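Per-chain residue numbering starts at 1, and chain names A, B and C are given in the order in which the chains are listed.
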């Protein structure tokens, strides 16, 4: 336990770069995100443009920074949404009688029939592609995942006497949930949140690729892959870099989740 | 399990399936037709005239109360009367059959590849976990499962289609040319399958590792059974259960992934149909299509779940 | 007599079985009522109903004064492992919106009253011994200033050497605070040490209820005799209880 798990370290390293770039983009990007510069189009990576430029001469580093920001924000919001609904639902399932919890469980699992791309497609048809649509679509899919984990973890906690003691001390159901159940089931939930964030990054990239997420001209990692796919032969870095950034984020989340799982396990 | 309980559990599953499909249709309907946002307006665009809107409302039945619309849709579905595409003005059913002929083989092929790569490599990685090659294998899987499938697809196109010219970079020649058609599906199926294979491999690996110290494996070893026999008769059946659970959940990922990958390879499958329906605001197609996909996932998941209970070496339905 | 707790005709079904079949019970102010019975007789079900944690399926429960607190059997599970000792003890005050300085002062006083050093306040339950944990549980119960304390097998999970200390703590609490107590135990010595009156729960009913000396000297019901001699009733033995 003295030496940190190498996976934790590696995961944090994978995430640190992209997150730093995303945060930096809030204040500064090397070039304007949508600034055209036809004279310098399709430049391979060099000192002035570390990630190169695209067919309109836009700086890929600046666009990637903004895209990372959108991806990370969407992934965090979606995971948060899924956790915010799924965890209370799971605890309710654990706390209710088998006769009532079984249908609830089934109902939560029903959401698995709607992968994010389906939900996002419906929302995009109604409202056009939007980051909010992507958040809802991905977050909804996370609900049954968090519900399952929370239910399994909360079941033994609910039977403990300190829950009874807390009720006797005058805590209402929400107080017991917040002060006693959540802290005691936090470990598996944190692990799952990390893994789900990775899945959310993948899903967000897929949705923006299809145009069901954040709409252009705002740069998104998936949208860039879509735009630059045809330039694969002429300017492979345009396809390699955004995809590698997505992979790096997902890998970081997965490593972090795996490392935390072993670390937090009793 | 005697015949009666088998029958009863089968009946209860069937009942649940019917309920689940009904719920899927309700969710789909609720999102598309009850959420704020006028489908007719979305279809006709912002500068549509009021008359055009009213006419389209009447044509789509949007002037009826939502409950009636829903029941009418259910009635159509029950009689397998799918709607008529607003864009192409051809029946959805006709559109579907051609699309399914691409998506089904693609998804089934991807699942087959994922299982046939993931399971053996998982077993190897578990066996050699203390050696350098086993550790490398696990690390490679960790990396591979983090790769977006559609990006992998683009990369495969770059390597095999553009560089080596092994395979077509996209498009679909139709099943009239079986060899060419299969060839067109190879790269997309690989793109879909490889990340999922990595996931399955890691599940298989950890399942086998966690089984190893258990009593029944030890006693089999003490009885002098050969390692191969222990693996096939004792370890494998136990490890398959978690693998199957994960594979079930992957059905959803595979079908979601197929939508994106089909777009990468310009395959006119269900995914492209979904993509086009959204682009054209064709809510009639979208509604039937979403329900079809959700129903397929539900059905397949249930089948896999049923298979898992049969496979469970503890012999008790869970 | 103005009873602190009145139970009338309490019934409870769990999993298709009648666990309690009509319980009538009173506890007077400053009285400690012992409750004995074979395991599976329904003692813990009754305790949870008295505490208001579970609802009875029938009958009435009436508490004269507000406030019932509990000390549970398992000192491991009765303290939240993620909270500090100070927070655990102060929880009844926190829910009553007692101000922080006041809370801290009363928490330290409560710890001192159960014989725990103030240095424990910042520790987590994991680093405490079983006896210390049970003292924390008592401190938490007493800080709420309850009218009735339910102690469900409070010493049976403890080492014999610390059992007496915890029992004396409970006895002193009654003497000093005029606390009423429902003391559930299968430890007859502990019951005799602590209780004025003893009720015998058998097969979901109170089959005998008498002053402690009377009950121990001249048990009337067969179930009581069986408990006192340590020989299970034939029926219980057949049921494998």
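To be clear about the criterion, contacts are C-beta pairs under 8 Å (C-beta built on N, C-alpha and C of every residue); 3 or more make two chains touch, one makes a residue touch a chain.
Keep in mind that what you see is a predicted model, and the values were worked out from it rather than measured.
> Which chain has its C-alpha centre farthest away from the C-alpha centre of chain A?
Measuring from the centre of chain A, the most distant chain centre belongs to C.
> Taking each chain's centre as the average of its Cα atoms, which chain lies closest to the overall Cα centroid?
A
> Could you state the distance in Å from the CA-based centre of chain B to that of chain C?
Here chain B and chain C have centroids separated by 56 Å.
> Give, as an integer number of Å, the spacing between the C-alpha centres of chain C and chain A.
48
> At what distance in angstrom does the C-alpha mean of chain B lie from that of chain A?
Roughly 21 Å, centre to centre.
> If a residue has to touch 2 or more other chains to count, which residues of chain A qualify?
none
> For chain B, which residues are in contact with chain A within the complex?
16, 20, 23-24, 27-28, 31-32, 35, 37, 39, 42, 142-143, 145-148, 150-151, 154-155, 157-158, 162, 249, 252-253, 255-257, 259-260, 263-264, 274-275, 277-279, 281, 283, 286, 290, 293-295, 297-298, 301
> Which residues of chain A touch chain B in their complex?
Contacts found on chain A: 106-107, 110, 112-119, 121-127, 198, 202-203, 205-206, 209-212, 225, 229, 232-233, 236, 239-240, 242-243, 246-247, 250-251, 254-255, 258.
> Report the residues of chain A in contact with chain C in the complex, numbered from low to high.
For chain A paired with chain C, touching residues are 160-162, 164-171, 175, 179-180, 183-184.
> Okay, in this complex, where on chain C does chain A touch?
Answer in residue numbers: 48, 51-53, 68-70, 72-74, 77-83, 88, 91-92, 94-96, 137, 140, 144.
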